[in-house]
Structure formats: structure tokens, C-alpha cells
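Look for chain A in each of the two complexes below; its partner is chain B in the first and chain C in the second.
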Partner chain A sequence: MLLPLLTAATLLLRPSLAVFADEAWSVDYHFALLGEPRESTTFFHQPNPALKASLIYTLSEEGALGAVNPRDGSLVWRQPLQENSYSHNASFLRTGEGRDVVVSGIGNEIASWSADNGRLVWNVRTEGELRDVEILELSNGKETAGAKDAVALSAGPRPAVRRIDGATGAVKWEHMLDGSDEPYQVSASSTHIYAILLHKTMLGYLKLRVVSLDPVTGTKMDEYTLSSENELATADTIVSVGANSASPIIAWTDAAHSTLKVNVIGTKSIASFNIEKHGEETVERVRLHAPYHVNSLSHFLVHYETATSHWAEVYHIDAKNGKVAKAYSLPKLPGKGAFSTSTSDANVYFTRITRDELSTLSSASHGVLGRWPIGPLGVAGGVGEVIEPVHAVSEVSVKGDAVSAIRTVFLLSTGDWVLLRGGNAIWNRPEMLASTIAATFAAPAKIEALAEQLQAEAHSNPVSAYAHRLTRHLSELQRLPAFLVTLPQTLVKGLLGTSEDDVASDSFGFHQIITCATRSGRVLALDAGKPDRVLWNRQVADLKPDQSWQPRLSSPKPGVVTISSNAATGIQYNITDGEQIITTLPEDVEADAAAPRAVQYTMTNGALEAKVDSNTAWHFAPAQGEYIHSLIPRPVNDPVASIGKVLGDRRVLYKYLDPNLALLVTVKNSSSIASFYVLNTVSGAIIHTNTHTGIDITAPIASIVSENWFAYTFTVEAADDSPKGNHLVMGELFESLVPNDRGPLTGKSNYSSLETGTEPFTLTHTYQIPETISKLSVTRTRQGITSRQLLAVLPDSHALVGIPYPMLDPRRPVARDPTKEEQMEGLVRYSPVLDFDPKWYLSHQREVVGIKDVVTNPALIESTSLVFAYGLDVFGTKLSPSFSFDILGKDFNKLQMLATVAALAVLTFVVAPLVTRKQVDQRWKFM
Partner chain B sequence: MTTQVTVPPPQWLVDMTSTSTALTKPKANIVDPPGFTTLQSKQKSSKTAAAPARKQPTPEEMDTLKLKKAWELAIAPAKQLPMNAIGMYMTGNSLQIFSIMMVFMLFKGPITAMFSIQSTFQRLETDSNRGQMLLVKAAFVGCNFLALALGIWKVNGMGLLPTTRSDWLAWEAARDPLERAYYVPS
Partner chain C sequence: MKSLISLLCATLASAASLSITILPSMHLSNPASLPPSTHAVLTGAPGVRYDTPIRRDNSFKFPDIAGEASYLLTIHSRDHFFPPLRVDVTKAADGTYAETISAWQTFRGNEWSNKGSPYGTANNGVLAIQIQAASQKEFYQTRGGFDILGFLKSPMILMGLVSVVFIFGLPYIMDNMDPDTKQEFEEMQKKSPLTGSQGAANQMQNFDIASWLAGKK
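Up next, the complex of A and B:
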């Protein structure tokens, strides 16, 4: 009895509690991502040796270092080490056994981080780019008690090996490597430090030069060159250089992958093994998996891959004489596989992950210790795509002869990072989203179908429109039984506020599909209203490892997304399942949208060039020493509801609305000058220009054009009379500054920019803002009635902020209080410092790291704009800059309303007989 | 000293305490004070004495009287104007339920009055003063128009009249450019 009452009471209370906090975490979504992990920089490690709990550490492709809790996949801490690290191929992450720090190396910086909370312990910058970082497990032959030192190999003009104190980051010794050989890797055994350099022979082949150093003093002890017999053409075929093992090895193959050569570093003998061909296919890739621990057995596994299958061989190294011998081999299986190495005391275990099975075996014998079928991973792929494991790391606990527990975290070919406990998927992280380089919104086909039908009814004559509507309603009646069945459920959910509407039943347009193109050539789709799941994820472009693509996504019509890049133009995909739509006719988007005369302009050789029918229309070349920093055209689809601004006295200031506006930024490096030009891209005329001197050109310059206004931000260097600061300039273009005047073109319904050169009147205001803005965007609504918010990415505080347009209005009165009429317009007195109100932070408590771009799209209802920000993290939200005037908010208490209606009904029924009786009585009294 | 002499009450006391109607009969020799009428004489005079006292007005006099009354009616709306104007001024130009209701009443009064103009002046209109009555009606209409004008002034003050450019902005279209430019990424 008590329970239903309690539930009823909580139901009545719930919606009135903490509306803002409620909205804040339910309307927006955020993926705190690391990026696709690298095999060499991912491991399980116990941050606190006293506790058994371990975390997964990785330094990802995106240059983000972080720790992930293996229990639920949540991020424990994260350090974005490099904003744009993709150019750096080499990154290193090492840790010592039982240590509470992890040491990262990226670019030319080595840093030590507390494994527990990610705080910086020390960092060291090297002269040249880092080639390798290792931890010295043993020094002087015995395990060190305190902090373990790091050894770093750096390239550059003066390549060197340095030993860095593990506790302080001080350089203990430095050994300059002579010669012009390319440093490759560093490797440490218990007694020596080996630097491996690549020596280029006369014939263009590579030879491996090994320099052995004394770990204590850093003096050179020995040097020799391994005769690799013209096998090494490039460094790519070096399979592995081991480190931190009892016998570190170096292994390489020839270009055809026919033989595998293994050398135990420190000896000069090279063991050669023929790679057996399993079938006709050529071996495409050879990988080596060796334990990363000094005390473990010197066993390693070689993993061979062909296009369709993989197999592996396990080798043992005789510790005494350094002989390498094959122990056993693992059978060939179709598909790709991944192997992981884990150690327990001295024992080494290899875990093999195939498409459908996980198996663990000891390095000593080929007996399988444990085998688990892999359950459903819950990962979306493309249509008909087989999802393959790419690489994995495991944590194995062995009791006796069987594996008692195994946790494997592995990267899939789709870019998902999945943790398996046994064979069951516990969590997955969509890490491929971190490499998103382009994204767009697309409306699902179904919603727009209704809109089209309504439009058809609006445009036909009343009789046929009525018939059309009648037939539509009749056809909708067929869905009535199904609707009635779900009705109670919908009602309950609606009342409880837990309704999880999906794409099909979306009447507000919140469930638009976001398609993202990633750097690896994949395209994936998310539902903006329910983004916890990737809808589909398919490989669109086949890219070689060094190749990159610049995809452009657009949605020409509902239900369809077009992906074009430099290589391919406009391939269309169905947004609900990612199927390619085969179009017989190549669609020329430009020709479709073109007005009678279309000017096409493009950036060639650092200058802008516009053409009309292959004749040059105009040409914009920056001045000597300047270069074009960015060009932002006004968006093609930029609806404007009102062509003028209504003043307080109800007169009109007409906006200068020209779809052919663009904001061009040029920068002069030598004198740190940035110039901002508003161009008419038809005639090439400069409508407005502004030049700022003393600019920090290394800081980001963000700019945007929309409607009749433009905005840009930049950072100013400190001058004699002003400190260093960030400025935001807002400019607005008007046809005339005289109210009720439409300028010289009054009364004309169209105009040609080529024939009449009208110049707008520009008002600008500059604001001092507290932070650098790296990207500007603006909210967009369906008809442009709703007021706008300028969306700014704050890279330093990892936030996204939405600045209301009225705060930036260039018509804010300067040095005087607004008049009564200006007050009626909502103008406030201009103040040069614009502080970001905490309420403007769209990301509120979330830390949104590495945002590169923000895309916005109107929802079906006018009040709302959908926002999607991508970069390293992915963040999305719904925005109502003029508040949600056309939809009931969450604070609307449906239960209260229903209770009121019910109470009134009851009251009516109760009171009605009383009133009738009284009326009758009254009549009797008077008669 | 001790003998009691019964003195009869004075006549005025008797007259005053006595309720008999016989006593109210006027003394022949005393003239009634001005304005005093006995009950009988009052009853009589209403029946007989007053009628011959007031002379039946002539139709001409009647017409003048009716005309006077009609003018009074016609000017009445104008007399209310200052009062209304003050009321309107006091309510302010904001759109609130109170001021909206007042403005509504302001419009409703003159309009209903103008529609019922015939019934208003019907009993004052005769065949002979019809010509003059036209002038009176015109004055009535004019006064009501003045009241309406006050209402319009008020509505304008509230900003409800589409008299400014911004009211017609929605019907103005943006100029179409004859050319369009497209950025083609290189």
C-alpha cells in the first residue's frame, strides 16, 4: 500500500526538482574520447601497486594520453599532449613495473605523469624529435628501488641518447651519437643500453648499426653493424626492436616477407627463418609480440597476416647462448586476428583474438589454457562488413593450469575500442569519433515526406487538396490499431518524462542523423536525439597509411548524404543504413542551385580567382608578404525572417542582405598584421575592410559571416598601452543608416552586383574577451525568426560557449546610456569588456577537449537549433536562443495539469446536485 | 397657596396633540403660512386646481422644448470626452487587460450610440422640427466621432495602428541578386 503512494508522491515531485540541472545533462551529450589507441602505447597497469585494481593507459593516435577504467570504460584522466599530433608518427608511453607514474614521449617532449590522477611529475624537452623512450628496469644489474630512470633517443641535427632521472627529470648523462646515421630505437638489457641506428649504404639499403652504452655513465662500450644483406630497403620492414626483456631482440624481414631475421641485441649472430607460405596469398604484414618485462621468459610470438588469413609462430631464445628456436606454431585461421602478450611472474601468455573466439596459451607449450567464444560486441559496421580485431592488450590471471580471469581490450577495424571479460563485451568506446574531420546533419526521409505532402496540399486547389488530405488520413487510419496498442505505454512514458522517441516518431526534428567522416576513411552516423549508439559505420575511402582525404559532407535531400572529396565527387548514401545509392545521372549540385549567372570562385596558388563561364571575373591576390588565412562565405542556406531591424520608434533600419558575402582574412607574418575583408564575391568588390596590427599570428583567428553581420576574433600582442588580450569584432551591414530608407536601390526588386555597386553602411564594435576563441559558429533555425547565438570554442578552458547576439550588437550606444527607444529595442550601453556569463557555457561542467569545428542545423520547430561539435571530443546539444516558445518544456507539469482537470471534474459532479437542490428550494421559498 | 388650580392647556398644545382632522381646518381669520396646504386642499388641487393653473404649452413651445432636450442629448458624448481622455491618459500605453477593456468600451459606446440614433431622437422628433433635428443628429454623430477619435488616438498610442514602416515590413521582400557566387574548394 505504501509503495504506490510513495511512487505517486515522487511522481508529483519529480518534474519540479532542479529543472536546469535536469536539462543540462539530458539535452546535451558528450563523448570524452582519447582517439584510436596504438598497440605499442596501450597497456594495463596498476597505478597503485598496493591495490590490485589496474587501469588501461594509452597514448592515442590523436596524441591524447589517458587512463580508462576497465570496469565501465569511463575516463579516469586525460591529457591532450598535442593539439594536432597526427603529423607525428612516433609517440611513446612507458611505465615501470610497480611504478606509480607513466612516462610519455611525443614530439620532442618527454613527460612523466602520475598514473593515479594524471598530474604532471616532470617534463623534459629534447633538441630533436624523439625516436624512442624506454624505462630502465634494471640499473647495475639489480632492480632499482625508487623511481625508474628513462632513456630517450632523439634525432635532429645532434642525435643523442639521454638518461633522465625518474624522480626529477634531470638529465643524468647524455651521449651524442656521431655520424649521419638515422637514430631508430633504443633498447635496454640488464647490463647495456643499445642505440640502434639506420645506416644507409651506397646502394640505398639500410644497415643496422648498434651502439652499446654503459647504463651508469653513458660511455660507449661497443659498436657494430649488423649485416642485413641488402634486405632492408626501408625501415618499414623492421618488425620489432624489443626492449626491457632479458634478451632484447631485433627482427626484420625482406620486402617480400619471405624470410624473418632475428638478432639478439648484443650478439652478432642473426637467426634466419623462412616464412612458410600458407596457400597462395602473400604475407602482407609480420608483427612480433614479445613480453615487455625483464624477468619474464625470453619467448616471443611472430604474427603473420595475409589478406584473408593469419597465423603465428612462437619462438624461444636460449638465455645462455642466445640461440633462437621455433617452439610451436598456431594454426592458420581465416580473417584477421590480434595477439596480446601478458606476463605473470616469469610466465608469458599469448592471447589470440579472432573474429569469433578468444584463446589463451602459455608461451611454453601450445596447450590452450582457456577458450571463450566472443559474444555480440554491440558495434555497428557497414552493410555486410566483417568486423575484424586490429590489436589487443590483455590482462590474464592464471590459477594452476587454467586461466581464471581474462580481460582483453581490443581495437576493432571499425574504430571501436571494446573490452571483453572472458568472451563477453563489457563496454565499447567509439574512439573513431575522435578523428572526425567533417560532419553534417541530415534529416530522416520520413519526416520530410510528411512535410512534402503538406506542401502539396498547400499548393493544389482546395478540392483536390481536401481529397488528398482525406486519402492521407485514411491511409494513416491503417496504423491506428498499432497506435492504440502502444498508446497506454506512450501516455505513461509521456507523463513520466521518460519517453524515448526515436527517428520514426520524431515530430520536432530533434532526431536528425549526423554523419561524420573520419580521418581513416570511414563514415559513420549518429542519431542526434539518441547519440549513445552508432547507427552505421562504413569504410568509404580506401586510404593507404600515409594518405589523407578531405571529405565534404552535405545532405542534398532528406534521407541522403553526399560525400565528396578530391578523389570522388558526390557519392550518395542512404542515411538510415549507410547503403550507397546508385544514381544513374551524375548530379551537378552547382548547376542545380545556380541562378542565371553563377560565379564560381576558388583558391589557387594562395589567391582567389572567380570565373563566370570560364572567363575570369575577378581576382584577389594578397599583398606582398601576406597570405590568405581563411575564407568564410555566407552559408548558402541562411534563412532571414525579417529584412530590417525595427527600431524603438517602430521605424526600420534595413539590413544589407547579400547572399554573396564572404569574409576573407589575410595575415602578414613579418609584421604581425591581419586584415579582414568583407567581399562581394560576385563583383569582387571589397565592401568593408579592417586591418589590425600587433597580432599574435600563432594564436587562432576565427571568423564567421551570417545574415548581414560578420564576426572575427584574434589575439593582440602586448603593447605599451595595452596588455596582451583577445578581441572579438562584430560588424553589421545596413542598406542605409537612415531609418525607413532602402538606399539607392529603393523600389527595385532585384539587383546586379556587377552593374550597380551599392556599398552598405557598416557598424562595428570591438569587445575584449577573456579567452582565445578557436572557432566561431552560429545557431541556425528553420526560418531565422529566433534570435541568434554566436557559438565560440574556447580551447583553453575546454568549453563551448553560446554568446547571445544582443550582447554583441554593434548598435549598442557608446559612452552614453541608451535612450528610451533604444531601451525598447533591448540595446544596452556598450562596455568594451565582454565577460562570458557562466550561463552561456553550453558545455557547463563537461570538459570538451580539442574541438575543431561546430556544425549547426535547424530542427523542425522554429525555436530550436541542433549543435554538434567535433574534434577530439564529440559534444552535441539542442539550443533555444529565444527559449522554447513552441514546445512545452520539461518544467511543464503534465501530472499537475491532469490532476487539476480531474479535480475540477470531480468537483463539478459533486457540486452539481447540491446546486440543483438549492435552486429548487429557492423557488419554493419565493413562490 | 396650596390649592391647585387646574389651568386648561393652551390651545396650541391642544392643537398639536390632537390628531383629529377637524382641528386642522383652517381658521377663517388666520391665513395659512405661505407654502402650507392642507391635505384636502392638496388632494383637491392635484385633481382640479393645478390643471387649470398650468397652461397647456403650445406646439411651438413644445418644439422648442424638444429641440432643447435633443441638443442636450446630442452634446452629451462631448461632455464625457474630457473625462474619457483623462481616463485613457491614466491607463497608459501598455497592453494590459484593463486598458484593453477600457479602449474596447471607448469604441463600443459611440458605435452603439450611432446605430441607435433614430430611437434616441424618436420621441423628440416631430413633423415640424424635423429640419432642425437633422442638425442635432449631425451634432450627435460629430460628438460620437470625437469620442471615436479619442479611441483611435489611444490605440495609436498603444501602437496598434499599422502606421509605421515596421508594420509593413513583412510584406517587403529582400532584393534578389541576379548573380550567385559559389565557392569551389580547390
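Up next, the complex of A and C:
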């Protein structure tokens, strides 16, 4: 009896160490995202001028630069330029026509990237923050062979314009801009470079100062100020400053959007146009779309937007005298629209995208060259939400007088990035997921229903339980015919391994719904078992552009997700369709009143303060000069199956299991010291403390508490006895280090941490790890029987690793080989270096970039934990830390099993006559 | 050209520069195949960290490493491991602006002073070193699938098969033997030390444990 139990136990203890080749790429899913693209930094470009194929380049809101294949929407390459920081910083992405590089500018770094593979060509840091980057397209024909030079405008205490060599990144010349004027943009025509600065007048209005420079030497040629009168109060109403066109323009409006002023840079005349009011509504936004090539016609389109409609006007610039004149206007249409500009030789085409139609016009005349109704986009929105286009870029090829092919990639108000070929959606990328700031798992309502019914039967008296069961079975019987009809199909599919189980028929709990809240105030849902599409996506919080929110997601019961933030208390949403659940009274008011948290602690003035019914229970203040870096409590739902650890000789070490453990990290900035405290959050007792010196406080310090152990990582400077690098400390708490002894708790079934001060015994081990860990998490299973895996985010390797617990066990014997008993337990000799085996990489060959957090949730079956990591990328997988002992995995070959059964059946049929003959013969012999 | 750069460095700022080129090796025959996410990190004193992506010419460049310090250089790539290096930037002894920059291999889990083989030293503050991939990352575990040949080759199965042949095959052979050979064979079996009436096996079988325990000879 004992033997099978022991084998089962060892099987459970033995961790699954690897990602299996047949499960990789199919069990896990990954969205390699860029973030919502910006209009000014998105374009089609041919990375190799010899080949006609073009890629879509973008530098997104998240500061990620990348190239996307327009054929299938796959990512070709990507460079996160601004890691884990989101700001409204201006960013620039430019390329020269027929060049094999793209030039990016963000923060104070300008970099040139190989367009086809994303490798760095050169990078330059400027002293101040970048205000603009342009590519110099000189028309003198001398500099067409090599790379094109870039011009950068930087702000800061010493604003300057620099010309940067396109091949090497060397600064060819720099021109310091004098005065206190704010640098705004740089614009290049074929003969001049113009720096546009904002000059603040005495009255607080802005005037535009234009400094023109010689492109070859960088010397100042001219300087003048445009009389913008009192129209410009802020820089926000400057519509556009064009560059790289035959006649670059600068356009602005007054605050009320009643007049549009246009100046062709280099001239001093300002053309003024009245913005016609279409109806009652005020114009909310004016945008300008102009071609970006020196050789193109100087035509541009002005796009007006009100709350409910939009229209546009096309203007022409006379190249000879610089006169701006209106050519034609496009009709007003309801809803939002987007315009894109494309060029072909000198011709300029404008493409208009509305809610339901795509049309292309030539800039020269108002005749429509092509018109396509937009087909279904395959994008999920909220209930009753109208999905609007936000901005677009197009690639148009024109034959004669008609558009032969058009590809448009545009951003929708939902955050999806969609490519249209003609009017048909080819792919969409859920780029809004890149700004996920909170996520949670929630079980669909249907799955838990059965569990609830079973629970009801278990907790009622036998007679009513029997009646309940009978009625349940009778109601299930009604579904029998439908089930029988689908049975053959299910069997065949199951046999071939092609069964596509959905949320409704999910008996393992893999199809949980993940809800993600994004920075822009949207909440969307994914099915963890079938994550290829977004289930729903709705605007939950109305945020202004500069507002941010801190959403907290939780699932109080199956089928429901609660979203709360600092501003609002929880609002419940239906998990399957995102519909708000309207309840007159919060349902769990009574539950709240019945079970108040005895001790509540909050952070006030940089110290922790705990209260019991408004009386201070305890107080934790960090030492002088220190501040609290992080506080990680033990997860609320952290089931533990066994209260002890079984040793090799069958004795038991009792775990110190306290639900109120928390790991507090304080750091001292001045002397790079970090202290780690394990606290009991009820009594305020410090259970374990450790202080490390020489710590890099700017590097991430990750920490976690689960079960009876804690772990934390940090980056440390070289000391006499330890090298520079990253460390992981693992600590485990025991009631006593003597086996079969519970110390002071012997014989007690209940205890209060307020009354009995039980000090646990702590074992720790420090491991040197090869790289920084930015976030720690742990797998969770339903009963806590399965062994745990520590999940670590490696920001440098762009990976997520699952470290098996035995590798980290603080009981690994030091400086000796493990004894036989220890070997039976699975302990190996301690070694200070812990290398991450590539087989532990849950993300294997996928590059998971910018992960900020990892959430885990148990599946319905004990062996499996669901993992979901978010940040810039979204990655998820199913993990069985002790192998899939309760489910037939991919290694189970159904066909082989059937073949064996068939072979046995055939054998039986063949052998049966022989046996009967033999039996008959025997009867004849003996009788 | 190189002297010009060093002159420039010496005059403009007292910053050292380091460039690392990846050479083809056994594990990585074509460095151009490295993904663009490959990057090098130079970790200095707390708070000092330089991070640079791979360039078009399979190199990493740290153009201005400020300050004299001891740095840890790690290279991260999707498919390959690279050895960690220690890079020291020290002030020149003769008081010039140029700094001495040197690189060695370093070992995790050893003292920081334990330096491995040197990768190069430059007195003018400009060091160019070459590095090779240490090994390839093997991400996938293949499952031990069912292999009929391997199954048959296993010693247990072989032993079983041999005994099956003996059990079923021998009586058949015996039956088909002509009477003379059969007699001869039986004679031989009787005489053989193992199976004959005085054979070891027979004695073993007829061993009377009770009498032996009772001390009977």
C-alpha cells in the first residue's frame, strides 16, 4: 500500500523542468505588440529599394519602434526605445526615399536603424531634449548616393540645430540658437533649413520666430518673426509645420478655431482663411495633411472635426509666388474620419476613411479615383459603441486615372490597428493591449455552476440532496439527444486532436476570461484558452489626454469582474459580453459587514500604520534616510495542501504557515543599502530581517511571499567576497527545525498571532543569477498539492522563466553531498551559481518584451496553473509544474492506443480457433 | 583614423570607449543572423548602467564610459549565451587625459578579483575586443516517444523473447527430432553437471532445509 503512495508522492515532488517541443507554440500564446501607433511616426517604406515590397514602420505611443509586414501583420523587428516608461514626449521617425535606414528620435537620442533587420547603424545623444528630427533632402543632386543626413533640433539650456552625417552619425555642424525662445520644430526645404522657435511676447501670446540656416555650413542666413497677432496663446493650436516639401508651410488657428492662417516658410506673407461653420457645432480639432517629399506637388489638405462630423478642404500653393489658394472641399460626413496622404512621383493622393467607406482622390481635382465600402473589420467593441477611425496611412498605386491597388493601415478608436486592402480587412493587431496596466482572471459563470450544485448536494441532508440530484439528472437528460447527435463528431475530433473546445464545454477550466484594463481607460477581455481574438472591449473610464487612472480588477464571483479605481468604487461587469451589471445595492454589503478585516494597514507619510477599529495596532517606520520600496503580502488565495514537509526518512518538518505574512523592502538611497523584512501584518512582528549593502537601487528589486517561503532579487556591486551581479535570496520559514516537532505550537489546533509570539525558524540561501529579474510571481493551483514554480521576468533576455522550487530550496546541503535521505527528498548540493536553463524559459524562443507583471490563476484541474504576463507584450501559457498527472497530455497517443487494441483484437480472433481446436483435442485424449 | 578618434576623445572628454565585435564561432557561424534584440549591458557602480543594441556590423559600441570603475559586461541574445566580461577603466598613471581600459573574462560565483583570460587592454582609452558565443540555448525538451525498435532492443524484452523461444520452441524441436538424436540428447542432459541427477541444480532443488536446520548432515 505504501509503495504506490510513495511513488505517487515522488512523482508529485519531481518537478517538470522543461518546455516540451510539442507543446511550445501551441499551449502558449504571445502578442508581440508595439503600442498604439502615432500618426506622425507611421509610414509605408521600402527597406530595400531594389525590391518593391514595403513594410509599415512606426514609433508608437509606448516608445517602441518596429516594422510590421503589411501582408499578415506580423512583426518583422522591434526596438523598445523607451523601456517601461510612458510619457507624452515627442518622438520622431523619419526616412529618406529609397534609403535602407529609418531614423528615430526620442528623449535625447537620435538613432539610425537598418530598415530591413532593425540593427543599429549609429546613435547620437544630444544635450537637451529633442524637439524635432528631419531628413535633409537636398535637391542639388550631389548627395543622392550615400545615406541622407539628418537635422535635429534640441531644446535644453543650450538649444541647437545639428546636422548629422547619415552614414556615420558624426555631427557635421551645429548652430547654437540664442535667446530664450522655445525651440519648436525644424523644417527643411531643398535649399534652406528653418528652425522655428516660439517667442513669448509681453502679453503672454506666442510669436513664431523663424531662423533660416545654410544646409551646407550651418551659418545663419536670415531671421524674422511672423506677426501672428494675438491668435497664438498656446503651442497646441499650431496645426502643422511641414518639412521636406517644395514649399514647407506652417499653419495655425486661433483658440476658437475660427480662422486658419498659413505661411509658406521662407516668405513673410500669411494667408488667412475663415473656417466655415457647418451647422451649430464648434470645430474641435483641425489637422493638416501634406505630402512629405521634395518632388511632390505643394498641395495640402486641412481636416476639420466637430464632435459629430468632419469635413476637409484642399489647398494649393503656387510654387512661383508662394500664394496659397483653396482648390476644392470635401463634403461633411457624420462621425469621425481619417485622411492619409500618399504620393506617386509628383502626384499627391488623399485617401479618406469614414466609418463605412474608403475613397481616394487626387490632390489636383475633386474627382474620386476609387471608392470601396469597408467590410467587416473583425474588431470587438463595447455594447452599442460606434467604432471610429482615428488616423491612417495608405499606400496607393495608380494606373492611369484609377487606383489599381490601395493598402491602408489605420488605428481605430478601440485601439486596434487594421490593414485594409481595398475595403477588406486583412489583419488587425490589438495594439491597445500594449498599454495594459492591470489584469485579472475570472471564471465563466457556466463552469462554476456545476461545482456550486455539487456543493449544495454535499451540504444538505441526504433526502433533499437525493431529490436535488434526481432533478439535476432529469434536467441533464433533456440535453441527451443533442449530445448524442454531436457525439460522433466529438469523438472523431478528439481522436485526431483537432477538438476546439470552447468556453461552454470547458471541463478543465482552461477557458478562463482575462480582463485587462488599459491606460486609456478601456477594459477588454480575452479567452485564456483561445486567445486569438478580443471578446469585448469597452471604454470604462472617460479620461482626458493627460489623466491617468489606477484600475484594480477582481472577480468576486464567476462570470463577474469588478473594476474599481481611486476615483470610483467597484462597478461590476458581465464577463462574457462586458455589459455593466446594474445592481441597486452592492451585493456583498452583508458579506462585508459579517467579516471585517480585523487589522487594516495603510501607508501614511512613508510609514506603515495598522489599525483595529480605528485604534492603532502597530506602526512601522523605516529608519532615518530610508524609505519603503515595496510591500508584497502573501496572496489571499494561496492554498497549501500539506502543513509539513516530508523528509526522506518519513519524518516531518512543520511549515510556518501564516496567512498574514508580508515582505517589506526598505532602501537607503545615500548608501545603497536595502533591508528586507518579513512581517506579520496582524501583530506587526518582524519575523525575519536581512540587510544587504552595495545594492543598485535604480535596478529593479523584485520580491514575493507564498506558502511558507519568500524570495527577493537585487543587483549588487562587487565586494571582496562576492562579484558584481544579480542575487536571488530564497528563505523558508519552519515552526521548528527539529523534525516531528511543532515547537511551541505542539498540540495546539488554534493560535492567535496576537497572543502567542511564535518565532519561526528561517533558512535562507543566496544564489547568484545571470541577469536582472524585474518581477517575481508564483504558480497557483486549486488545492496547492502540485509543487510550485517561481516565475521570474528577465527584462534583458526578454523572457519569462519558471524556476522549479527544488533548485531554490533553502535546505540544499552546503559544502557536502546530500545524504541518502536528502536525495530521496530530491535535494541537491548547494551551489552559489544558479544558471537559468533555457529549458525553463516558458517563453522559449518568443521574445517577450517589457513585461510589467505576471498574474497566475488555478485551472479547474489540480495539475495546471494559468499564467498571463502583460506589459508591452502579452504572453500567456498553461503550466503543469508537476507534469499533467490528471489529464491526458499531448504525449498520450490516442491512435497508438487504438492500434494496440485493434492488434489485440485481431490476435484474439486469430488465436481463438487454435485454442478451441486444442481444447477439443485434449477432451478426446482424456476421455 | 583611429588616432584621430583617440585624439578627439582625449581632447573632448575624459571618457573611455569600448567596442565589442562578435566573431563567427562553432556555435554561431554567422553573427549577422543574431536578432536585432541582441544587446550588451555594462553595469557599473550602483545606478550606472549602459545598454546598447547590436549594430549592423555585428558589434556593440559604448562610446563614452564615464568614470573610473570596474564594470560587468553581459551580452544578451535570444538564441545564444555569451561569457560575462569584466571591464576596468582606470586613470592613466602618467596623468594624461587618456584612460586605461582592459577587459577580462569573469566567472559567476567567484571572487571579483578572480579574472580569467584577458580580452585586451588599451592605454589610450579606446578598446576594441572580440568575443565569441559560448553556447546555443536549447529551449525544447523532446518527449520520450514510443519507439518500437528501442522497445525491442531493451534487455528486459530481449530476455523475455529468449525465454519465450525456449519455452515454446524447445518442445517443438524435441518433438521433431529423430529418436536417435533425442536419446543422445537426453543422455547428454543427464550427464551435464547442472541438470543431471547429481547436478547442482537438482541438488539445489532437492535441498532439505528442515533437516539442514536440524543439523543433519
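Convention: the second predicted complex is superposed on the first by the 866 of 927 C-alpha atoms of A that agree within 3 Å, B and C clash if a C-alpha of one lies under 4 Å from a C-alpha of the other, contacts with A are read in each partner's own complex, and residues count from 1 in each chain.
Here is the rule we go by: a contact is a pair of C-beta atoms (placed from the backbone, for glycine too) under 8 Å apart; a residue touches a chain by one contact, two chains touch by 3 or more.
Since we're looking at a predicted model, the values are computed, not measured.
K.L.:
Just to be sure I read the superposition right, which of the two partners does A:615 touch: chain B = first, chain C = second, or both, or neither?
P.N.:
neither
K.L.:
For A:844, select first, second, both or neither according to whether it touches chain B, chain C, the two together, or no partner.
P.N.:
second
K.L.:
I'd like to know which partner A:117 touches here: chain B for first, chain C for second, both or neither.
P.N.:
second
K.L.:
Looking at the overlay, does A:720 come into contact with chain B only (first), chain C only (second), both, or neither?
P.N.:
second
K.L.:
Please indicate which partner A:24 is in contact with in the superposed arrangement: first for chain B, second for chain C, both, or neither.
P.N.:
second
K.L.:
Once the shared chain is lined up, is A:670 touching chain B (first), chain C (second), both, or neither of them?
P.N.:
Neither chain B nor chain C is touched by A:670.
K.L.:
With both complexes superposed on chain A, which partner does A:771 reach: first (chain B), second (chain C), both or neither?
P.N.:
Only chain C is touched by A:771; chain B is not.
K.L.:
Would you mind listing the overlap between the chain B footprint and the chain C footprint on chain A?
P.N.:
No residue of chain A touches both chain B and chain C.
K.L.:
How about chain A: which of its residues touch chain B in the complex?
P.N.:
Touch list, chain A to chain B: 550, 552, 590, 593-604, 610, 631, 633, 636, 640, 642-644, 646-647, 649-652, 657-660, 662, 681-682, 739-740, 745, 748-754.
K.L.:
Give the list of chain C residues in touch with chain A in this complex.
P.N.:
Per the stated touch rule, the residues are 35-37, 39, 41, 43, 45-47, 49, 52-56, 70, 72, 74, 76, 78-79, 84, 86, 106-112, 114, 137-143, 145-146.
K.L.:
Per the contact definition, I'd like the list of chain B residues that touch chain A in the complex.
P.N.:
It comes out as residues 159, 164-167, 169-170, 172-186.
K.L.:
Within the complex, which stretch of chain A touches chain C?
P.N.:
By the definition above, chain A touches chain C via 17-22, 24, 77-79, 114, 117-121, 123, 672, 694-699, 715, 717-725, 768, 770-771, 796-798, 831-833, 835, 838-839, 841, 844-845, 847, 849, 890-891, 893, 896.
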